[in-house]
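Notes for the one structure printed next.
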């Protein structure tokens, strides 16, 4: 076991990022896709905080970035959920594969 | 040397990743939401561990208290309870896994190869520090993003209202 | 000095006639067009005769040598200093001689046509075309620049085309006119390339300068031109040979003669003018113009000229013996006689006594113009009378067409070389020249002259004697004064032209040439001629079975001659099968399918690629994300590991 | 003389047409406008000769320079030399003839004339431009009107043909564009033709850019094997459209090949001259043979255009002063001749409603005027002396022969052979349509040309004869300009 | 403080309009017609206001900066929004949420203004989201239509995914350089692999917004699903703004990596032009058709951007200006026809010229301009882009671009052919175009013809540096 440090956190965040990406690519339910997006954003937040802590503690850029990402995530999630609910109303389903009318 | 702090970190890491993984793999949508919740809590834990308490608090308030609740509500709205999620095609899964693994490997290789210049001071921000910067309009201040995000939230709100509360008779 | 205005008027008056009648003929000069044309040409003829008189007897001879005068020369198109196409007038003995011949024959034809073409719907057009032809022909003979001669060369070609196709609603006339134009055009290609070679070698297009440059053996131009060789012959040889091909085409020399018999589809006076007396001798004239070059610099080509002439002469004579269309017989006869002129040039040398062939050739050209035009006009009168070209439809016409009969007989005697008619003198000189230089050609010429007498009298007896005529419905006699006058005038010419001391006026170097008359030498041709006449008389004077039996006894030879040695068929094979089927069709197919196909293929490929990749836009948002992610990863890998 | 008039006149006419009220107005305004253009073109000719007579030996006369995109060094730089003057004359004659033969267009008359005038505008602008960019602008202006003219008023497979034409010409433009930009950057940011002609461009760049420019312009002028738009485009276009296409548009390409590609990139021209010669010799012969097999009159003329235009390219490829002069003469001559040919074909088609050679015959009897013109143009096409074609072709031959090696000579002979093939197909066409017996009884009722058609034909015939009978003036116009081009090629 | 008002005037004006609309909405509300007229007037004022008091300056430390060129870019966007408000007035009058629509649109516009002016990754990211999220909501404004919500869903999810990747890239870049301000990052760039990775991640976000292949796949679906007004907004305003900031980011922030991004742009430009064109070839729906054509147009913009000099900037700004007119004219005509008849397919346009010559001419002009055919301005725009791209002497690259113009001409001509040449038994009936729309169409038409010939416009842009 090693002393946990920046690289450990970077590993966690990268892993979480790609877990989120994997979820986005494979989940068929729109809400779960949205959840995957949240994971992605959180992994990014972790990155910012870790960099801020270990490398650039002099300024709070990373921290504020995280803060605003959280806020954006909330707004994005809200709009996305509104759209999903509207889609559900018209399609009677939130399966992403049922919304494929627009193609080619 | 194994200290309590180290063990705590690994526990948090394990919680975050496991829950994250379960959240994208379980076929029970409600469970997925709960796993997401725990994963986010794990991340909040890591923030605590890093002594970024303010962010940890925000994380818990906004995510746990806000977004996850929103998601759970929307699950209630759109899903009959107990219904399992549909399966994805194996081909898609395999290809996604491959792509994701490549991406992960690529990123990790680059990150581990890179020599970051560490700052040994390891200071943590204080609350007043954060507060002053947040509303400052000078160099290093964050007043403008603050205003921008307020406009964004306003716009998102308007958008949500229009879309989610669509009133049928008014349109024709 | 020659008067430029007068000489210029000679070709310009017919041109004026062409423009006048061509533009306004059908509306304004509907009835008077013939008279206008004739009047203009009469003026031309008088001017030409005046010029001839002036030239030969007043100013032409300086120090005993006939000089060339160039009273007018305008630059028409300048390529570079010294190299330009000029429009000029060269006045020398042969051009003046030709002026007279062309205007005189043309005038005769104009007059004759007043009667012959009367009542034609396109009467004004006819006279317009005649004017155009006369203008072009006069321009041709006056040319002082090789390109000028080429220009008028083409113009006479097209006027010939127009006149052959005058009866444009007759498919055979259309075909004949096309054939005439295309075959001569093919020959002109040779002429053109020849011009390019000669002009490039000599650095000029002007006849005099060109001849001067190319005949001085130590000039640089000649040295370089003879040094460079292509397919075993020097550039000059090629040039001269190609120019000769042009001449051979126009003069219907073997094997480019096939257009001439078909050209008889035109109105008969036209045949008399163009395809007997004037245009077809242009080839001879051309060789004569460039004679110093041929004789001094490239004697090999001159030898070719001689042989082509000889072969044409005998082949045409043989074919003429078998044909039944009287105009075709005359056409082959023309070809045969031009062969004479050609080989006369071929056996000639430059300067002094050796130049006898040249003089003889010109002399024969002159006399031939008279009697051949007469023959055609006479044949025209006959055709006019019986409405048929076929010998078998004729016979015993001497009572109905007395004037025609007599004039025709005179012409036949002239062409057969019976003394003292014109043909005798010119032919004697030719045979003498051949005898002096080339025995093989001499023998061919001798046989030909016998054959000539035979087929001419075969023609004569078949028309005017032989069987009794069927009585025709409308007897309109011989066609009146306007048709008789030219016959008589030409008959006078055919009878008397031989007494002109031609060598006095025309020779290679302009010095007078004594005409030698060897009785000993004349015996053979005259005897052969008489033999031919008698044979023809024996066979054809009365209707009998002898000709048919003779024909069948000769078997395949007769058949081959009757079918013109299948030369037409060979041409047909080449054009139909080779040009159209082997080149034309594949070219058209290639263009539509390969070249255009490739272009279309590009378009279609684009379309099908577009169709093929539409699946990428699958409508699945996750698929889009996969492309997105793959794009990111691939770009990252490329830029981190490959293009770093 | 102010060259802007040459652009202004057609532009004003086009605008006036756009605002006119009825068909009569449209026609008469167009006619008036095009007559003004002719007057301007002749005024230009005389002014030009006057200047030259007064020993004004500047390469370009009547130069004007108006700043356009100053920072990019793009200017309205106009000026004319002999070549331009000749081309402008050609354009003005074809325009007025085109306006006249379209007199009876009923469908969308206003649009038709508007597009027609726009095409003319493009050509005028192209010929007076001394700035590559502006030249390219005017070149491109004419693509869309062509497309619309064919597509809307055409016949047969008009959409296909219009598309093909537009796309192939656009392809040519694409190549020109790249070559043009290459020149621009090589020359230190200048599009000015005169400036570009003064600098030494490195040989490897010339070898790179020359094919782009030459092939690009070559597409416009039917360079083998990129000529396939010609038969389809010409045969589908309405009469005036074909006249413009063959009479003017193809000349834009030839002019470009010479003025831009060859003049500005002499080393490149030398490098590729042999290929040009081979291609154009193939085009000449192959076009002629392909023509022989055509049965549709318009296809006949279209393929024969491929063949004839080959002479211009051949002349350019020969790189001698006389050959280039001949090439230019051929452009002018072919422009007039082919415009006239299409006009006559149009007249015949309007009456008989067929263009198939086999379905006609003996038309000389019912329409002597049209037949005579048909005949004249046929004779011009086969290079008969007295008509312009002869002068041009002979000049090309004379110039080509100046190259003493076997390659050039064989190419010249091959090209010369086409005059026989040309005679074959021209005589076939005239023989089957104008001569012979009348095949279709209904043709007996047909009328001869109307006044407008007569006028159009006479204008073009006059042009053909003016060159054919007295080529000196054209020679004087073109030769000094060709000499200028040769000076650059020879490095003087 | 005075400086604050002058430098941020565009943003302030837009914000003011948003709040005005908000108060109207919260208050008594207004009829759609009068509200629309009001908004149109306000937008016109906004556009006009953009011409005054343009200065260079920074605000909020390094977060916000503006120059006359940026102000001009903002003005182009304002103009486009104004034109959209005119062109789509038929649809807007009918919609039940007019004030909300404009609030969202103006929020997005505000986001774009801030994005163009941003000099900091944080503000850039925020304004990017501000420019995206409201548009996603707007895409769903045809509430009754299934396709509208599908389009909105695709847009919000794709853009969330894309911003995730962007953020990951930003975080890596932050880790490697320790700053989020553009000039400071420039100083820290050393070309290490993490920076390259971060760069690629960041560029993909631009690529996504600009619909560069292979990040373009959302475009056509969203364009087709959205209301026409939103489609126009997306294809013109959104693209234009991202193109502007893309230039700034590449030319300023990533200047040290210029060799790399030049190669990247070449690859992306070729892929984009080719793919866009190939897809556009067989589209039937006019919106989808214009979507793919706009993808191809972006490929040309990339050619211009690749020049890495002032010429590139000028050419792109100029092109976007022309593109605004051309594309909006095309969308305008499509809107009118779709609103009145519900016909959106190219085949429905057959014989349009017979019944609606005015619309046909405008659409034809627009398409010619898009195809880059003179005398329309598109010719100049495209040519200048290629001229800019040619500065690196990569002629084969220009050649590929030029050859792509052929394909694009083919499909633009397809529409022209349908309108002018093809016969149709059942053509679009004659439409009486309302005066406002007609005015807008005429403005667009005039712009298409005049901008190219009025060369001082280009010269003016050039002087703005």
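Just so it is clear, A, B, C, D and E label the chains in written order, and each chain counts residues from 1 on its own.
We adopt the following convention: contacts are C-beta pairs under 8 Å (C-beta built on N, C-alpha and C of every residue); 3 or more make two chains touch, one makes a residue touch a chain.
This is a predicted model, so every value here is computed, not measured.
Any chain that touches subunit D and also touches subunit E is listed here: C.
Taking each chain's centre as the mean of its C-alpha atoms, the one that lies farthest from the centre of subunit D is B. The leading chain pair by number of C-beta pairs in contact is A-B. Greatest Cα centroid separation from subunit A: this falls to C. Distances from each chain's CA mean to the overall CA mean are smallest for chain D.
Chain geometry summary: the mean Cα position of subunit B and that of subunit D are 70 Å apart.
A straight line joining the Cα centres of subunit A and subunit E is 27 Å long. With each centre defined as the average position of its C-alpha atoms, the distance from subunit C to subunit E rounds to 77 Å.
Centroids of subunit A and subunit B (each the mean of its C-alpha atoms) stand 6 Å apart.
Multi-chain contact residues of subunit E (touching two or more other chains): 122, 126, 129, 133, 136-137, 140, 143-144, 152-154, 157, 161, 172, 175, 193, 197, 220-221, 410.
For subunit A, residues that reach two or more other chains under the stated contact definition are 17, 20-21, 24-26, 33-34, 50, 55-56, 59, 64, 68, 72, 75-76, 79, 82-84, 86, 96-97, 100-103. Annotation for subunit C: residues 603, 614, 617, 619, 621-622, 625-626, 629-630, 632, 636, 640 touch two or more other chains. Working note: touching chain pairs come out as A-B, A-C, A-E, B-C, B-E, C-D, C-E, D-E. Residue ranges on subunit A touching subunit B, taken from their complex, read 1, 3-4, 6-12, 14-23, 25-29, 31-32, 34-36, 38-39, 42, 45-46, 49-50, 52-60, 63-64, 66-68, 70-79, 81-86, 88-89, 94-95, 97.
Those residues of subunit B lying in contact with subunit A across their complex are 1-2, 5-6, 9-10, 13, 16-17, 20-21, 23-25, 29, 32-33, 36, 39-40, 43, 46-47, 50-52, 54-55, 58-59, 62-63, 66-67, 70-71, 74-75, 77-79, 85-86, 88, 92-93, 96-97, 99-101, 103-104, 107-108, 111-112, 116-119, 121-125, 129-130, 133-134, 140, 142, 145, 149, 152-153, 156-157, 159-160, 163-164, 166. The part of subunit C that touches subunit D in the complex is made up of residues 26, 75-80, 83, 85, 147, 150-152, 154-155, 158, 165, 168-169, 171, 174-175, 177-178, 181-182, 185-186, 188-189, 192-193, 196-197, 199-200, 228, 230, 579-580, 583-585, 587-588, 590-591, 595-596, 598-599, 603. Within the complex, the subunit D residues that touch subunit E are 67-72, 74, 133, 136-138, 140-141, 143-144, 147-148, 151-152, 158-159, 162-163, 166-167, 170-171, 173-175, 177-178, 181-182, 184-185, 208, 212. Subunit C meets subunit A in the complex at residues 614-615, 617-622, 625-626, 629.
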